[in-house]
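So that you can tell them apart, the chains are marked A, B, C and D in the order they are listed, and the count of residues begins at 1 in each.
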Amino acid sequence: MKKIVNDPNEVVQEMILGMVAAHGDRLKQVPDSTVLARVQSPVKGKVGLVSGGGSGHEPSHAGYVGKGMLDAAVCGSVFTSPTPDQVLEGIKAADSGSGVLLIIKNYTGDVMNFEMAAELAEIEGVTVDKVVVNDDVAVEDSTFTTGRRGIAGTVFVHKIAGAKAESGASLSEVKAAAEKAISNVRSMGMALTSCTIPAAGKPGFEIGENEMEVGMGIHGEPGIARTEIQSADEIASVLVEKILDDGVHTSGDEVAVMINGLGSTPLMELYILNLKVNGLLKEKGLSIYKTFVGEYMTAIDMAGCSVSVLKLDEELKELLDSPSDTLGFRI
Amino acid sequence: MKKIVNDPNEVVQEMILGMVAAHGDRLKQVPDSTVLARVQSPVKGKVGLVSGGGSGHEPSHAGYVGKGMLDAAVCGSVFTSPTPDQVLEGIKAADSGSGVLLIIKNYTGDVMNFEMAAELAEIEGVTVDKVVVNDDVAVEDSTFTTGRRGIAGTVFVHKIAGAKAESGASLSEVKAAAEKAISNVRSMGMALTSCTIPAAGKPGFEIGENEMEVGMGIHGEPGIARTEIQSADEIASVLVEKILDDGVHTSGDEVAVMINGLGSTPLMELYILNLKVNGLLKEKGLSIYKTFVGEYMTAIDMAGCSVSVLKLDEELKELLDSPSDTLGFRI
Amino acid sequence: MMGLTNEHLAKWLEKTNAKIQENKTFLTNLDQAIGDGDHGINMSRGFDEAVKKISSTEYKTSSDLLKDWAMTLLSKVGGASGPLYGTALLKFSMSMKDKEEVDYSSLTAGIEEGLNGLIQRGQAQEGHKTMVDVWSPVVTFLKEQPAFNPEGFKEIAKEAMEKTKDMKAIKGRAAYLKERSIGHLDPGSVSSYYLFSSLAEVIEEEGVGL
Amino acid sequence: MMGLTNEHLAKWLEKTNAKIQENKTFLTNLDQAIGDGDHGINMSRGFDEAVKKISSTEYKTSSDLLKDWAMTLLSKVGGASGPLYGTALLKFSMSMKDKEEVDYSSLTAGIEEGLNGLIQRGQAQEGHKTMVDVWSPVVTFLKEQPAFNPEGFKEIAKEAMEKTKDMKAIKGRAAYLKERSIGHLDPGSVSSYYLFSSLAEVIEEEGVGL
């Protein structure tokens, strides 16, 4: 395993301490927890925003803690949802009395742990509501199964909900903005390599030297198909087509685009991909309001990418444009 | 080769187009060139700042084009210094009549090509001066050889010189600030894996499953030693010790720190490294003014990192803190 | 002596933990095949902590012991399996609230309550290739038998666990694999098998009258 | 016919380019061993462009042809080798400015001027494991001989190129390797060998009187 680590079982704790050591002016660790919160939190009069999940997706989620986005991020073990007691710590750190919104990525573990935390928080008198992000069109949206996964589109939800909360909106208004972002964003990813959980010490799955996985999830869950490696242009076409097929974005819409790297894919490749994505979206009659290219929601050290497309209206444009001052996302 | 590319010989052109497609509000391509310049450039009354080099180090250098940093970045082929005619295009795009400073990383090819461009520009009536960044302590600083290489510390030079230029300083003042940053910054890197130039199609060198290279350069040039993989704490010690051994930083100094990822190393690992780097620097009596953690100067898809330490005085602190609005570095 | 004492319950936990530690890599490999590769890591972390907690605490009632077991898993395992095992054991603990002794009928009722908690929390049904596919036949068997039958109990749990191999996952992370999930054991079912086989072994070895 | 015509110079360029294209991967591999692995890519890109340029242009003088060759390399090769080959050929071109014909003495003078440009630009001396280690003995040989001796010329260039294998690099990227650079050919010396061996072959094959 080629990693810069000490004890593989302590990576999350050491990462948290390393983040506070680097960014103590922005972030604080809630004592004895795996929660990173805004230094100023709880912010008086503001709805609190809490997200999190398994670690290994950095800068998600602690990189989005700060003005205009989250109040607290709960860091689970690598690829493992944090436990209810930790999420509860996050909720308490974020709550200034105006209620707390949980932004959950749609995975069985995350949903269960965050819901249990919400129940515990309600017992302690905190008003908590939640939204579940499920932007990954690589997975069928069926009520019979667990439904679509939450991937990089989650970052747009943090941004939109964060801006709304910062404006002084109520919990239900913030939730409504987050729900709008969720229903307007669709994403899909692909991977060229596997990724290695430090404590596992070896790659999570095998993939051939000439293969790629279309529809890969951010924990290495497979998606649609294992194919031969395709060109950047072909990859762009596959992802964009599947995203637009979902029917959320139609000709004439304004959209924001995110080209997200999964960990080992150089910015150069993401920009090459963007060139084609940009062209395809324009061909479909969409007008691109803003494009974000970089690592926003990673899968440890996986090579690959995802594309997210968020349909905008006047409210969402305003919220997307309002200032955010976090490590991972600055407007 | 596991890459998201089309024609491996066209990666730089496609990257440039993809960047402009994403960030047309910030960046423009100088027609028929591989130069990315500020949309507003040349900025009237301001000294122009031009940097660049081989591509493959993204976000260096185009990611640092913008208010408070560079005016133009000249993109060479991957790992290949751009040619004099391209650098000349960059100089012309940056020149508003107040002169242009070239920030060159110390590699034979870069120095020769940038110097030839400066000669051509002088013929065309542009006042050009240059600084050469040589922060890499893994290489001996001897006048007999090519001397130390320029690596991630270059980003600090961009920031300092950029802030100075933005303040309306003269060419010689901007040069002096850049020189001060150069003489105050030292860096060293290490790598766990090789990297693959797209047009070469295979990794640049071999490295064993349990080996790492201490003192690795950003083009895969070796440095000090090939050793067994060490822990994050040990790596931090080796890098910090060698950096401080150079004698630039002494107890009581205030410093800025950059923990830089070479391409495939997750943020999590960089933060784990930072935890120890932070502790070691404090032990040595240094006071850490600011820490930057992320990918600033990469080596395509190499796994590894570098540490840079910049000694600060009042002027440098002020310049470091003044606003910069670029894709890769925002204050 | 009749029924499971707190000492027996602690032995049950320790034996389960021993199996989990021994098979940590195996469980992780199973989860790498059809999940995200952390099940062994999660279970090993949580059960280690539970052993530490329970072995260092005096308990008046079995309900209290089970509650601490549950709460430790809940706060240390994480992922999907943490809240599931936590909820199941918490329900078991609650069903023991006013019981003096863990006799056969209260053990049966407790595990059935656990199963109900599992289903309520995870919304999986039998056949969905989750740990429910082990818990459910185990409860049916307990209810059919007049007294605890260690051999039969272990056999049932093992068979149930093995059957998950041929199932297509509907719930949990393996569901993303659809057809490709067939041919692999469900990791949570294997860890549940360790839980139940340990119970049978403790009852046998300790000569618990049930 | 006496001296190198523009047609011969173009053939020289084409032959060199053919060798570079054929050995592109070899050159890149050499540079992967002790540099950054782009020398074959750089040279192939630049010489291809030079052939395109020169074959599509009519030149009055050899100086003009050499200048375009130089300028194309300068603007297409990049890295260290771009300005070096560019400068060398530019100096060659300049030394031909008022010459009617490329006879033996002007060829010798031109290549010597090229070497001087190389040294001025790159600051390398003989023995530093750079292309200077091929150019320098080639110039010495030309100056010693009364007339062009294709076999001896090729031999000298080849030997010089091979000698770089045992050198420790002092200049260029390989210098970072220090002792570890020993045992590998210098990529730029190999491409310089292609340049000079092509010259000898053109002179031989075309029966150029020199």
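To be clear about the criterion, a residue touches a chain if its C-beta (ideal position, glycine included) is under 8 Å from a C-beta of that chain, and two chains touch if they have at least 3 such contacts.
In this text the structure is predicted, and so the values were computed from the model without any measurement.
Novice: Return the chain whose centre of C-alpha atoms lies at maximal distance from the corresponding centre of chain B.
Specialist: C
Novice: Need the CA-centroid distance for the pair chain A / chain C, whole Å please.
Specialist: That gives a centre separation of 32 Å.
Novice: Suppose each chain is reduced to the average of its Cα coordinates; what separation in Å results between chain B and chain C?
Specialist: Using C-alpha averages as centres, the distance is 54 Å.
Novice: If you average the Cα atoms of chain A and of chain B to get two centres, how far apart are those centres in Å?
Specialist: Spacing between the chain centres: roughly 29 Å.
Novice: If you look at chain B, which of its residues touch at least two other chains?
Specialist: Answer for chain B, listing residues that touch two or more other chains: there are none.
Novice: Give me the residues of chain C that touch two or more other chains.
Specialist: Residues of chain C never touch two or more of the other chains.
Novice: Chain touch graph shape: choose line, ring, star, complete or other and state it.
Specialist: Basically the chains just string along in a line.
Novice: According to the definition of touch, which chains form touching pairs?
Specialist: A-B, A-C, B-D
Novice: What residues on chain D touch chain B, complex-wise?
Specialist: Touching chain B from chain D are residues 28, 32-33, 35-38, 41-42, 45, 74-84, 121-122, 170-173, 175-177, 180.
Novice: Which residues of chain B touch chain D in the complex?
Specialist: Per the stated touch rule, the residues are 9, 54, 76-86, 107-109, 112-113, 116, 139, 144-146, 149, 197, 199-200, 204-205, 217, 219-223.
Novice: Quick one: in the complex, what on chain B touches chain A?
Specialist: Touch residues, chain B against chain A: 2-6, 11-12, 14-15, 17-19, 21-23, 55-56, 58-59, 63, 192-193, 209, 212, 229, 231-233, 235, 257, 259, 263-275, 278-279, 291-293, 295, 298, 300-301, 303-305, 330.
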